[in-house]
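Pasting the structures in now, so scroll down.
Both complexes below contain chain A, partnered by chain B and then by chain C.
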Partner chain A sequence: MKENVLILGGGVAGMQTALALSNIGIASTLIEKEPQLGGRVRNYEKLFPSFESGRRLVETLEQQLLTASFVDVRLQTKVACVDGQPAHFNVWVENHRDVLQANALVVATGFEPFDCSLQEEYGYGIYRNVISATELERFLDSSGPTAGEVRRPSDGGIPETIAIVFCVGSRSDRVGSKYCSRICCSFSTKHAIEIKEKYPQAKVTCFYIDIRTYGRGFEEMYRRAQEMGVTYIRGRVSECSELLNGDITIRAENTFLGRPLQGVFNLVSLSHGMRPSKDASHIAGMLGIAVAEDGFFQTRDMHLYPNDATRDGVFLAGSATGLKPVPDCIADGNSVAARVHEFLRRMDIKGDEHA
Partner chain B sequence: MPDSPEWMRGIRKRFDYGWRYDNVRGVLPDRTIMLDNGYAELEREVQERGLARLAPLSCFQCGSCAALCPAGTGTTEKTGWSVRQTLHKMQLGLEHSEYDDIWLCTTCLRCSVDCPRGVDIADLLANLRKVRTALGVGAMPASIERAMKNIAGTGNPFGESRERTEWAAGLDVPRFRRGMELLYFPCCFNAYDSMAKGVAKATVRILSHSGVDFGILDSQERCCGESVRKAGDESLFRSLAQHNIGVFAENGVRKILTNSPHCYKTFKSEYPGLGGEFEVIHSTQYFAQLIKDGRLKLTRRLNKRVTYHDPCYLGRHSGVYHEPRELLRAIPGLELVEMPDCGQRSLCCGGGGGRIWLDTQKGERLSDLRLEQAARTGAGVLATSCPYCLINFEDSRLTGPGEETIVTKDIAELLWEAL
Partner chain C sequence: MAELRTAGDGQEGSLAREKTWQRYIKEIPPDGYFFLPSCVLGAMYPAAEAMIPRLFDLLDLDWECNLGPGAMCTCCTGMSYHGDICTIESTLLVVARLWSLAQQAGFDTIATACVTSFGIHCECVELYRNEPGLKKKIDRLLRQACNREFDIPRHIVHVSDIVYRHRVRLGRDFMSYALVDAKTGRPLRVVDQVGCHYSKLFPDERSLGGADYCQVLVGLIQDWGGEAIDYPERRHCCGMGFRHSIITPNRGYTAACVGKKMASMEPFAPDLILTNCPGCQVHMDKQQWALKELTQREYYVPVLTYTELAGLLLGWDPYDIVGIQFHTVPVEPLLDKIGIPHDRRESWLDRNGQPLPCPDEIVRATEEDSRGDGELP
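Right, the complex of A and B next:
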């Protein structure tokens, strides 16, 4: 019997899982609902903290997948139903007649951005020049809708004063999620640097609760932003309001000075947190695995089995278990390959001799 | 529903939420800081006038500077001083208003010792005063203004005559001539102040005794200008510096010896920027070298227990910690004891940043605290090597309740006693 692993999600975690499995001679079917691989990273102009191209990273992985011997990529495909048991799963795929056989399943379905209109006091969807970080990322994409220029939605002009609001939809009992989305402080600082690099005269101000640029090279990136002249003010933004010319007034407590602060900006970018992907509970139900209280997939043990789902033979990679930066997604892909390999041997599943 | 985002969004679409911000001031006192995004214009103005960049960009407001700032802990209730908050205000570009008493800062640099981001805070604060002076904002305290006027008038802060060498009367001190090894430059305090004159006298006696080839200049010299720059009068500083550089150059000066760490620092770090490159040495460094070379022999015993106060401008600003201690240890019979807050963590006497000319209220004088710390070591003598420290500590002793008997002396004076 030919061994096969089914990977749900063709973002970087899923892609790396497929590659890592292929490198140890295990075949996989990589299923992706969009018409291309690469998930969200595909459209990131720059990754933090290296400022290298997200697109090029994805293309590198794609190149490797093309030459990988044992990966079957299926785009615009979704899983409809799964039955069977660990080491012998049957997977029905939407719009296809065939049933896939899989010995192990990998969930790499990623995340969803928080809907900023839920935090109504910022005026997202009401005030023209309040945008989301996802939209800012599109502006910054040199192959995107504005060819890499950051433009004010109200008049298409280049903004001179920009505010970046941290922690939108995260760390909140009231709206969004109680957890910290982990990477937003970092991508927000990345955005601030990208803007200053493009427009050195621009005044960029960040409003935050804490700066959680915790990873390797992230603190250095934060310092770099400051030394480029980005102003950081500790104080969660309370409210935005719009002026007649489209400028946005921000009101926030400046906790450094213990007084409220008010500032006017041409453009405001809301650095929103992330939610679990919309399909998460549906997929969990299909696969017979648990979802945790925060909505992301539950791991078998937080410390010892961070890549195992709560059912034997099902594994988890990437932001499906909580937001993480790209290197961690790649590491997850490699870890999952090792976990799958161990599982298959334990279940005595051997592949055919691959020449 | 009134608690749903959809309902709230509907309301928000209909009204101008900014109306309340503009009209609250008619109803309540408003402490709101208005963030002036025209900060970039101020930066341009600052650059055009050749002033150093104003904002401490890499400060991340951790507050390490503030808790041990000497000025932050000993002020009257009316004036608040937080160096951390001041730095943040500079980051926001609030130069035109909103500064609590920036004249409380002595530029002691205690703040920068532990700053994780390496911000030169005292330098920035001096720049802040400079910018405010240049832009005509904020008044200099009256007594500092007076000192500035005197310096501009007769080259010294006391308004005394230009003749700087009266302290040398009867000492047969050579006049500096081209080719001599060393110019001895006494600080204005060493030249004019009755207490600090003793240090100048001791210094030249030691130099002569050791056969050093040195001389002094006379009324051509003016104040080095260190505290002028700190007080924010950049143009006066430049004219003083350029004048002194001219005088030194004309006379063929190559190496300058001074007792004052303030003169030392300014000659060493600030004069080169205006074209004055000289070798600068502090008296403690020079004397230590003389002892090493065997040219200065200390033979009389001084059976004293002595503690040493590191002056801010010699220690933290200039990194000279060892030579003063070497000198004290070289004195026969002298027992050197350390006190807490020594070395890099030395507690300022309160004289820097122009404050030597300010009348600090009793109860707010840093030197009172420091003197008590020194006395608690059981020492009978507090040794130091800065005229401001000397004057402040002796003042604290003389105006104190009478319990402190610890006497402050400059190291030069102690060395002279041991010859």
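Right, the complex of A and C next:
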């Protein structure tokens, strides 16, 4: 048997898992359904809170994978079905005739952005100048379609007043996302800073429920945004409507003042929350593992075994268990490698014999 | 990564709306309606309600209504329930009796003319769904009160749902006119004003198209040739709000709500406001006069119910059948745009067809019409 560990998902968590396993002498097959590695991070020009390039991070990981001794990368590949027992899994791969044998499985399938059109009161997809955070990210990308300029989709003009609406599809029972997506406050604040850096005269207003910039350096980034003149209004936006010139009126409540308010903006960006990967339930059924109430994969124990799935020999990395910023995904990759190593030793399977 | 949307021809918004509407599925039975009239609509715009049976008969639908001498149908308690005058148990009991009447007549679909009645009936169904033991309690109370039995009806629909279901047939097979400016061929710009108790109480399963982009009136507007227009205060309530509009000194708030809506829709130059709620119809129509008196702003956009609009496009007599003389904002300018012939003197006929005393300006306008000044080519 050549491969020991099969990793589903070639985002940063999956890549780091493969690297960490290789570094301790365990071979792995990294399966990615897209034509390139890096997942969503590849599309982020700047990561919070350091504003370093996500693309460069992915390229670094790719370089390391190229030189890693025990990693087999398979792009545009999907798992068709899995059978066998822990430590002896058989994995059928779509479009390939071979059956891969794996001693352990790692699920690193990431997340999906929430479809903003489901929160209908914001008019995403209907009003031209209501865009999603993913679209704003592309606008702000210097290698994106507008070469880094923020443009109004309706007329191509540069907006002077921009609203950023937090928690779209998060913390909302109505749209089936009771949980906090955890990273949206931070990436929205990053967007606000990027806009102010590019257009110092622009008026950027953020509507939030609570600011949850919890990670190292995140709160400092939030403070920096305020110092740059970004306005934060605590209150959920109830409605967006379009005016004749394409501007968007926002109706909200300022919960600090206890008063409703209305404002007109040239452009509105919806900071969408995240949902489990579309394939999560299918993969869970295929591998015989559980998903939690929020739709992300269930861990064996939230405190003791946060990277173990509910079945022996299956492990979870990155945002498969809930939203995580990039440093946490990288840390998860290392943790999972350690858990896999421990499992293989327990099952008396020595990965380094393939060296 | 989703592709960036760029400046387009505006079609993308329409496509997205249709995608939104497809999320909402509401079963509207094709036939077999037990019709419950409205307290407000029949009192304020009697012809609008009287046209409902006329439309049902035109479409050859199976329906029944327990009205006339010895009528047993009552109010649904909506006014007093939302005015905090009666308890929910009273409402459940009265509604159970209405359902019992429908079932006695062999109907399993309740069709209400009033949006608040629609909301009340839907709320009762939801309460029975969610409160174990409630049905048993109301069963007992109904037996004690009037010795009747009832079941929860299979369908609760609003009459506008029924018209929506048959809108294509109405337009194709029966209508003589369309929502089009007869002189220019321009589709008329129509604002929809959907009752809150239709679209906002149970948007997911009871409202065609949900709360934000409700389809029930937009479908009629588009299928009958008009252009539905969106404006910022579109979803805002007309301000009826029951308790405060019942108390006369509080009616200023209602006028303020209508004022906010009118100011918001004015830049979009609407030709017509279309309603499916008796409360909206009354306030959007009457409060425009109040606004003129209070603020000297004369909007005067005609306000019609969906049945009145259907009646006009079907070519029914604007005064004798559609009853546009009950309106505060004159409807005649809209008739002129569509090209519907009318004789203003008909608005001053009594029930026997005899002329009532008519104001001088109406006489003058009628004479001008008869000279051809106001006639359409």
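Observations on the structure shown:
The rule is short, and it goes like this: the second predicted complex is superposed on the first by the 346 of 355 C-alpha atoms of A that agree within 3 Å, B and C clash if a C-alpha of one lies under 4 Å from a C-alpha of the other, contacts with A are read in each partner's own complex, and residues count from 1 in each chain.
FYI, contacts are C-beta pairs under 8 Å (C-beta built on N, C-alpha and C of every residue); 3 or more make two chains touch, one makes a residue touch a chain.
All figures in this text were calculated on a predicted structure; none of them were measured in a lab.
Bringing the complexes onto one copy of chain A puts chain B in a clash with chain C. When both complexes are overlaid on chain A, the residue A:Pro260 reaches chain B alone and has no touch with chain C. Of the two partner chains placed around the shared chain by superposition, neither chain B nor chain C is touched by A:Glu342.
Touch criterion met: A:Asn43 reaches chain C, while chain B stays clear of it. More residues of chain A lie in contact with B than with the other chain of the pair chain B and chain C.
By the document's definition of touching, neither partner reaches A:Glu52: not chain B, not chain C.
In the superposition on chain A, A:Gly125 makes contact with both chain B and chain C. In the superposition on chain A, A:Gly229 contacts chain B only, with no contact to chain C. Looking at the shared chain after the overlay, A:Pro145 reaches chain C, while chain B stays out of its contact range.
In the superposition on chain A, A:Pro153 makes contact with chain C only, not with chain B. In the overlay built on the shared chain, the residue A:Thr205 is in contact with chain B alone; chain C does not reach it.
On chain A, the patch touched by chain B and the patch touched by chain C overlap at residues 117, 120-121, 123, 125-126, 239, 241-243, 249.
Residues 5, 8-9, 12-13, 16-18, 21, 31-35, 37, 39-40, 55, 57-61, 84-85, 88-89, 91-92, 117 of chain B touch chain A in their complex. In the complex of the two chains, the chain C residues touching chain A come out as 1-2, 4-8, 10, 12-13, 16-17, 19-20, 210-213, 230-235, 267-268. Within the complex, the chain A residues that touch chain C are 40, 43, 117, 120-121, 123-128, 131-132, 134-135, 138-139, 144-146, 153-156, 239, 241-244, 249.
Those residues of chain A lying in contact with chain B across their complex are 117-121, 123, 125-126, 160-161, 175, 201, 203, 205, 211, 222-223, 226-229, 231-234, 239-243, 249, 251, 254, 256-257, 259-265.
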